[in-house]
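Chains here go by letter, A, B and C, matching the order in which they are written, and residues are numbered from 1 within each.
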Amino acid sequence: MTEHLDALARALPRILDGLLITIELTLGGAAVALAVAVALGLLVRTHNLLIRGAARVVIEFFRGTSLLVQLFFLFFVLPLPPFYLEIEPVAVGIIGLGLNYGAYGAEVVRGSIGAVPREQWEATTALSMTKFQRMTRVIFPQAWALMIPSLNNLLIQLLKGTAVVYLITIVDLTAELNKLRIETDVFFAYSLGLVLYFALAWLLSTGMNALERRATRRLGRGPARRIRRRARAEVGA
Amino acid sequence: MPTEHRTHTGAIELADGDVPAIRFQHVVKRFGDHTVLDDLNFTVRKGDRVTLIGPSGSGKTTILRLVMTLEEATDGFILIDDRPLTHVEREGRRVALKEKHRTEMRKRIGMVFQQFNLFPNMTVLENITEAPVHVLRRPKGEAIRRAHELLEQVGLPDKADAHPSALSGGQQQRVAIARALAMDPEILLLDEVTSALDPEVVGEVLGILRDVAANTDVTMLIVTHEMQFARDVSNRVMMFDGGRIVEEGTPEQIFSDPQEQRTRDFLSAVS
Amino acid sequence: MIDTSFWNWDHAWAVLPDMLWAFLRVTLVVTIAASAIAAVLGLAIALVRRTAPRPVAAVVTGIMNVIRMTPLVVQLLFALYGLLAIGAEVPSIAIAIVVFGIHYATYMADVYRAGIDAVPRGQWEATVALSMSRGRTWRAVVIPQALRATAPALGNYVISMFKETPFVSVIFVHDMVRTAQLYGGEHFRYIEAITLAGLLFLAASYPTSLLIARLEKRLAY
């Protein structure tokens, strides 16, 4: 066991590099995915049939073709004629993950906006709000609270999806685990890997849960923190 | 019908030959901090038709659910046919009985629910024969025959192969009654069985229950808002409030000449 | 001379047979076999979590969460190299099927759990009123109703699994995408192979997801 720990100590800088790449891919991919999800989720709800149709095609395209196909397309096909577009591997990873999971996210956004009660929409009409005001100040904030749990799931899936990018030569955490396996043994290396990924997933979930609590609190669906503390003091808990 | 003795605690005196079907002894039921029943004592004799009336939250439905073992009493003892239902006293302590015993006791008791609770993945016939075949171990042919008899009795002879979703509320409740009767229970519990029905079909369900009351000697414990039905079918009425028996007696006594103010208030509010 | 055209049908036709063959031999086989494992194992996990004594249920939940929240890729690598390390000679495709099956069983266990929770309380109470045994209650009343509610979600997970089968490349199983990649590497022409792979996935998954959506509407009681 000690030899493994020694090897691990030696490999630690590389593993941390790999971990950093994985985190970069996850957060970068998540940012792109969120932007894509909101954009497509809103576009697929407009009355304009053409835009709605186009958005629907884009969503189904990126959901229906597999993640690895998309990554390979960006990595192998684009640099060659006739595109001649060479994108740095990590950027390929971020864009590919963002587009793929963004398409899934679009469905979540669409569903959550649709789940906001009709009365809310009608109230904004009664107050003569513009469409922009309506969406940004009333509808989306409510939809946001509803969509966080599903987005949480997608975020975890995105994190798990990053593990395949070593096939397009990105040296992420999984790539480093493969190297570590050779220096130590299978069980040590991959068990460590599972622990690290699990820890990352747990951290992300905790963050998302906190986000959700904040979002629902702002909507008044749960006691505000200050009042809760005061109430607890009164009861003498 | 057994002779009547009227008290406020529901602990009637048993005459010779009376068999106590249900006996509550110092029953307490708490849900968290909320005490629903507090030291409740009463006796129901075999063949009695007892209606429990009173405001919501008074504990009437809880009593039914305790008898059906859907809830467990926090303290006290419930006896069915003088045998303990869930707990017994041994060496001064209240001891819980094994599940096997409870299952045996449960088989004598049947319940019809406000929401019918028919199994949507089974046909009407399968709903009625499920328990007799698998619990009472009756031969399938016999169970089916009996099911058809019961469907005749409740006025739905041609619905045997229908699914519950295809039936109206009143029809579903009638099937639910048939399903409960198929087990030949000694005690039948009716928990607001018409409250979820449209007014037009309440009558057809109550009619079935009137027939059951007239043609069998099953002990019935009824929670209902239908006062006329209570008058027609019951031989005893108990008025509950705050988990205690406020007043009890015959329907004539309770409905026409209530002694307690709370009873009078309640009856004037619901009539 | 490097081919600089946008699309060359010669390459498309050249790679298509191998890709279709890989699609049948690997992609479909893994999806179907692993889905079967996941559906059954997922139900078993859900039942254990619901009915087993607390410590057992807690352990099962813990293992389930670890598998669910860590990458399938790492699990595949772990399985492949782990088996090699202990000298077991298991065909890679079998490893893929089992690992996919277990991984997706953890998703399906959650779906089953939601389905079981969605069975109305009144159904359980009716089984008590009829003195039905626990086993009979599960088999005749609860599971049939839970399955009806969960079938569409399970179907969607099968489609997800189908689209994740390319991950078997990491344990050197020649699925459709790896076939495309190898062809591309050989001929320096990726666009036809990769595009065809994408279109095949799309052609298989999109209609199926529409069917499942239709099924979901029809299954509501």
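To be clear about the criterion, a contact is a pair of C-beta atoms (placed from the backbone, for glycine too) under 8 Å apart; a residue touches a chain by one contact, two chains touch by 3 or more.
These figures come from a predicted structure and were not determined experimentally.
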| item | value |
| --- | --- |
| Overall pattern in which the protein chains touch one another (line/ring/star/complete/other) | line |
| A-C or B-C - the one linked by more C-beta pairs in contact | A-C |
| For subunit A paired with subunit B, centre-to-centre distance based on mean C-alpha positions, whole Å | 55 |
| Separation of mean Cα positions, subunit C and subunit B [Å, integer] | 49 |
| Subunit A and subunit C, separation of their C-alpha mean positions in angstrom | 21 |
| Touching two or more other chains - residues of subunit C | none |
| Residues on subunit C engaged by subunit A in the complex (per definition of touch) | 2-6, 66, 69-75, 77-78, 81-82, 84-85, 163-167, 169-170, 177, 180-181, 184, 188-191, 194-195, 197-199, 201-202, 205-206, 209 |
| Complex contact set, residues of subunit C against subunit B | 120, 122-123, 125-126, 128-133, 136, 140-141, 144-145, 148, 221 |
| Residues on subunit B engaged by subunit C in the complex (per definition of touch) | 68-70, 103, 106-107, 109-111, 113, 115-122, 130-131, 134-135, 165, 179-180, 183, 189 |
| Touch list for subunit A against partner subunit C, complex | 60-61, 63-70, 72-73, 76-77, 80-82, 156, 159-164, 167, 174, 177-178, 181, 185-187, 190-191, 193-194, 197-198, 201-202 |
